[in-house]
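There are two complexes below, and they share chain A, which is joined by chain B in the first and by chain C in the second.
Right, the complex of A and B next:
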């Protein structure tokens, strides 16, 4: 019942895309597209919740598709768990689109429903072929959305800047060029991901040809094939999810699209990639694997968490900052999944379930908070005219409600108790702290290193979120345009508060949610019981271990807060007065500087400078050079500070060199004599047959 | 049940009363060691009372954050202080007393302080906030690795359980514990802004961190921030006492006599730790801000070493 309703909802999306293709420049129709997509997404969320409550359903064969790989949909606990954030975030993004995207170009309106459809198809797939179909559909649709780039000038109500002040951002032509370059990079990485995932699914299926997950689960990969599958899936899904070292495209491509597209790409699409990794490696291929099975995900996840968080502390553009924070959180989830596989291999089922639960909880918490913050970034861009923190500041006075919602999201991502990020990190840390029970010294040292990296990443994430919120919403305006900022419209505001409320619920009721997601936890960890103790009040690794009581914690914090307020009201009843900021007794700024001297307020780079010096010199190739004129010379002193992400600049030239070398080799083929060509064809045939012979026994057909 | 509630209430009241006294005692001890007479240990309490009588002056562009953050930070620190066992174990909130949660609550109050510092947009506030949050990046992993050492030794992260396991003495003296002690001491110094990391006695010095964030606070807001800092110091000293000097702590169910004995020992441990801290602070100088990562990085490595020793010893056993 549920699954057929979902199929019907899924079928509503392509007609909406057709409508969108026709609705360019027609605001009414565009709104219809957004409303329809939002309704479908809301339906997804409801049905996912129903499936979590009622349990999974059998696969549904679709009446179309190729003969050798019938398309099928299935809805088990794992699919439903990932479908829930897709639905909720899609709904909120629809509300944003309704308000801000009514005059979007047709390309974007057509691609938007298809993007959702691709993600939903990948999550609902019951077999490998449908999974890949949905995944690639998602990649393609999101590429169109990225390539369609910025909103046309008319819809950005905040494009104009008073004369005499520097422009708010790069010129439109420059921006379009950046969008095109980002889309190209994005497509390249998407193709790479596809090139890795296609053979991985093929190897999983072996020669039997039955691609359904139920059949694949019967014959998990073994031996050399298993390692190839592991490498291919980690590379393919990891490049889509933004795992280090394949993360370079993410901070470039995600921010280029409009806010609601960025939100869905960052919050949900990366999760779909993680879902693919979890489904293929942990659920389908996880049975009977060795200790090494989880190590790549754990190690790459820890590296991504640290690196993403560090970059997030340095970026000056809100959306780039949020995209880097996505790398961090994707890393945390990958860590949790990798740890779960590792603990499962060591027969520590309850701990494996705990680690899987941490990852799943973070999937939900991060998706909600990240969507919220991207939509906030969109509202800030529309209301205050810039995404660069060096042109914002003091927005809490102009946009108090947006600021409040953003604070909820930022605090959740900063892993502050009692919110969602902390709950997930608490669970993950509990699993990591107990993982020394895997007797191997190598694994234990890896776990200790992971604990240290997780701690560092969490603290860096807190710095990044605090810097984002503090520089954007607190302090003095850094540009006159900020004074004209306006509060968000009621509908997107409601979406923001919906997301904030849902995020708070995830943080306060992790136990209840994990009880609902028991099947998902069991699928990932192979431990039938799910999390040992998961009630509405508490979560714990085992009934005797230390427990986390988020609801009790929140009540206690609230009671103490009220008590402190009342006590101080009684002890110190005098009302406060307003006066000029003391600012260590500095002289008042001259009248031509209405917000004070901008040089005395920390800039985005200034706030990040301590960390750049402490960690950036080694990880981000940061260089600082101070040029001091000799005494008596009136020339100004200069400080040049520069950093860059070392991975992409190292990767791209190497790739370009390989491509050139390959092209030169391939060119030679044209001049081959007939004899050599025949040998080439024959050799290829032999090689393919050898591959087939190698795959056959290990891939499940012979088993 | 009654005893648990009673000890919890008593513990909270003691924490509140003792926190400014401890700060005062520390200042007095430091002054005496330098041959000065020093202010009375009651001085912080007098300051708090004075500040409460004054009208807070808010900057013209101050938002709600300036007025709410001190209460939020104080509530979070107070809850953390209520969780750390002082004179007795098995208090009403003992089930909540988790080392990871403690770290989270301290991070919450730190974030509130940093936001309050950024609210006006003054140079010092932003500088202090950036530095304080950056130090946490190195302090937090060292803290977590110490927690890992205790989790391996005691089987969990609950403070009461760890304290009980350590008090039983079954663990004995271990190299790992010594390494964790050094690491945790360094983290405590950084978290409280004590001398090699930050100088709590300075005002208007370019290298200061914690005080720089409070420059715009006044009246009851400043009183709350001072109280929060004092509570945090008391909390850390109690935590160190509970983890490394666990002897003589009462059980809540054992009745008032045992509590009194535990209380006496707790006060003695706090006084001893304060004396050691005062001596340490007088003996060494504050380090450059950009040397702090090396200081905390050394703590991180020591904690890692301690954990690896534990792996080796459990592997051999």
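Right, the complex of A and C next:
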């Protein structure tokens, strides 16, 4: 029943895309597209919740599809768990689109429902073929969204900028070129992911030809094939999720799209990639694997967490910052899944369930918070005219409600108790700290290193969120345009508060949620009981370990807060008075800068500099050079500070060389005479037939 | 499948005849004689399909057989012959690969086809297995002919003979849906391709149909 309703909802999305292709320049139709998409997403969320409450359902075979692998939809606990954030975030993004995307180009309006449909199809797939179909559909649709994603004209309007303010954003033409380059990079990584995942699913299925998950689960990969599958899935899904050596596209491509697209890409699309990794490696192929099975995910996840968090502390553009923070959080989830596989291999089922629960909880919490923050970034861009923190500041006066919602999201991502991020990271740390029980020395060393990296990443992530919120919403305006910022419209504001409220609920009721997601935990960890010690009020790692009572903690914090407020009132009974902002001892505001000299406030780069000096020299190739004029020269001294992500610049030239070599070969092929082309086809056919004859009768299932 | 020995033998005989005419096509040096061999292959195909229609009790296959007899055994060879006469190619000798080499290559292809098909269809009836092996051999021989012939007519005949093999395979599989439709559609497709090719050649008024002249004209512009 649930699954057929979901199939009907899924079928509503392609007509909406058709409508969107026709709706360019027609605001009414465009609003209809967004409203329809949001309704479908809301339906997804409700049905996912119903499935979590009622339990999974049998697969539904679709009446179409290739002859060898009928398309099938299935909804088990794991799919439903990942479908829930898709629905909720899609709903909120639809509300944002209703307000801000009514005059979007047709390409974007057509690709938006398809993007949702691709993600939903990947999550609802009951077999490997449908999974890949949805995954690639999602990739293609999001590529269109990135390629068509220039900011609408006027939203980054600079106006006349007085001297002394940082330069305005890039020119529109330059921005268009950047969008095109980002889309190209994105497509390249997406194709790489597809090239890895297709053979991985083929190897999982083997020669039997049955791609349904139930059949694949019966025969997990073994031996050398298993290692190849592991490498291919980690590379393929990791390149889409943004795990570290393959993360280069993410901070480039995510911010280019409009805010609601960035939100869904960052919050949900990366989760779909993680879902693919979890489904293929942990659920389908996880039975009876060795200790090494979880190590790549754990190691890459830890590296991503640290690297993403460090980059997030350095970025000056709020959307790039949020994208880097996504790398961090994807890393945390990958760590949790990898740890779960490792503990399962060591036969520590309850701990494996705990780690899987941590990952799943973070999926939900991060999706909600990241969608919230990206939508906030969109509102800030619309209201205050810039995404660069060096041109923002003091927005809490102009947009108090947006600031409040952003605070909720930033605090959740900064892992402050009692919010969602803290619950997940606490569970992950508990599982990591208990993993010394795996006897192997190597695993123990790995776990210890992972604990250290996790702690560092969490701290850096908190700094990044503090910097984001503080520089954007606190202090004084750094540009006059900021003062003209307007509060968000009621509908997007409602979406922001809905997301904030849901995020708070995830943080306050992790036990109840994990009880609902018991099937998902069991599928990932192979431990039938799920998280045994999750009640509505608390979660605990084991009976002897300490338990986490989020509601109790919240009450305690509330009491403390009220006590502090009362104490302050008691100590200073007079009403508070608002005075002029202190300018750190600099000169009084000059007449041409009535709101104070922006140089008296820390800039985005300045705030981040201590961390850059501490950690950036090795990880981010940071260089500083002080140029002092010789004595007597009145020229100013200069401090040049520069850093860059070392991975992509190292990767791209080599790739470009290979591409050039390949293109030259292919061009030579094009100049062959007709007969030689025929010979090429004939030779290929003969080679394939010879391979078939060599592999033997098992290979000829289709003949 | 409950039929006895006779259906198997006759099907085998007709298929073998097609294979034999495939070999004839492969080494035949004179273009005019090639059309005769192709007509023979078409006639054998029509008989083979009709026989399959008889033993499978599938009346649709008779239509296929009729179409094959009319088009492949009569119309196309006549058209090709008229074309050759018109271009004055009756005495043209076109040496493909050389008789010995092409026969050896053909035998190797038949061996490969048997190696692929026979193990892969281990569970099926003997008639089906042999039929598929022969059909694949005919397809491969047609492909080899397309590769080795230099003259456009030779390549066209190779393509048509390849299609003969496909129709033979489709008609041999019992219970395969839409055989008639597939066979007719393949025929129309091949015919359209061939007709387009010749129209193009005639319109451009080439002195010769030697394909080496075409190398610079593959629709790529200068």
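Here is the rule we go by: the second predicted complex is superposed on the first by the 633 of 703 C-alpha atoms of A that agree within 3 Å, B and C clash if a C-alpha of one lies under 4 Å from a C-alpha of the other, contacts with A are read in each partner's own complex, and residues count from 1 in each chain.
In the analysis below, a contact is a pair of C-beta atoms (placed from the backbone, for glycine too) under 8 Å apart; a residue touches a chain by one contact, two chains touch by 3 or more.
A quick note: this is a predicted structure, and the numbers were derived from the prediction, not measured.
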{"item": "Which superposed partner A:673 touches (first chain B, second chain C, both, neither)", "value": "second"}
{"item": "First (chain B), second (chain C), both or neither touched by A:560", "value": "first"}
{"item": "Chain A residues touched - chain C or chain B, whichever exceeds", "value": "B"}
{"item": "First, second, both or neither for A:415, with chain B first and chain C second", "value": "first"}
{"item": "Touched partner set for A:621, first chain B, second chain C, both or neither", "value": "neither"}
{"item": "Touching partner for A:661 - first (chain B), second (chain C), both, neither", "value": "neither"}
{"item": "Residues of chain A touching chain C in the complex", "value": "673-675, 678-679, 682, 685-686, 689-690, 692-693, 696-697, 699-700, 703"}
{"item": "Contacting residues of chain B [partner chain A, same complex]", "value": "51-65, 67, 71-72, 74-76, 78-79, 93, 95-96, 98, 100-101, 104-105, 107-108, 111, 114-115, 118-124, 126-127, 129-131, 133-134, 136-145, 147-148, 151-152, 155-158, 161, 204, 215-216, 219-220, 223-224, 289-290, 293, 300, 304, 307-308, 310-312, 314-315"}
{"item": "Interface residues, chain C side, partner chain A - complex", "value": "109, 112-113, 115-117, 119-122, 132, 140, 143-144, 146-147, 150, 155, 211-212, 214-215, 218"}
{"item": "In the complex with chain B, residue positions of chain A that touch it", "value": "393-394, 396-397, 411, 414-417, 422, 426, 429-430, 432-434, 436, 439, 441, 444-445, 448-449, 451-456, 458-460, 462-463, 466-467, 469-471, 474-476, 544-549, 552-553, 556-557, 560-561, 563-565, 568, 571-572, 574-584, 595-596, 600-602, 606-611, 613-615"}
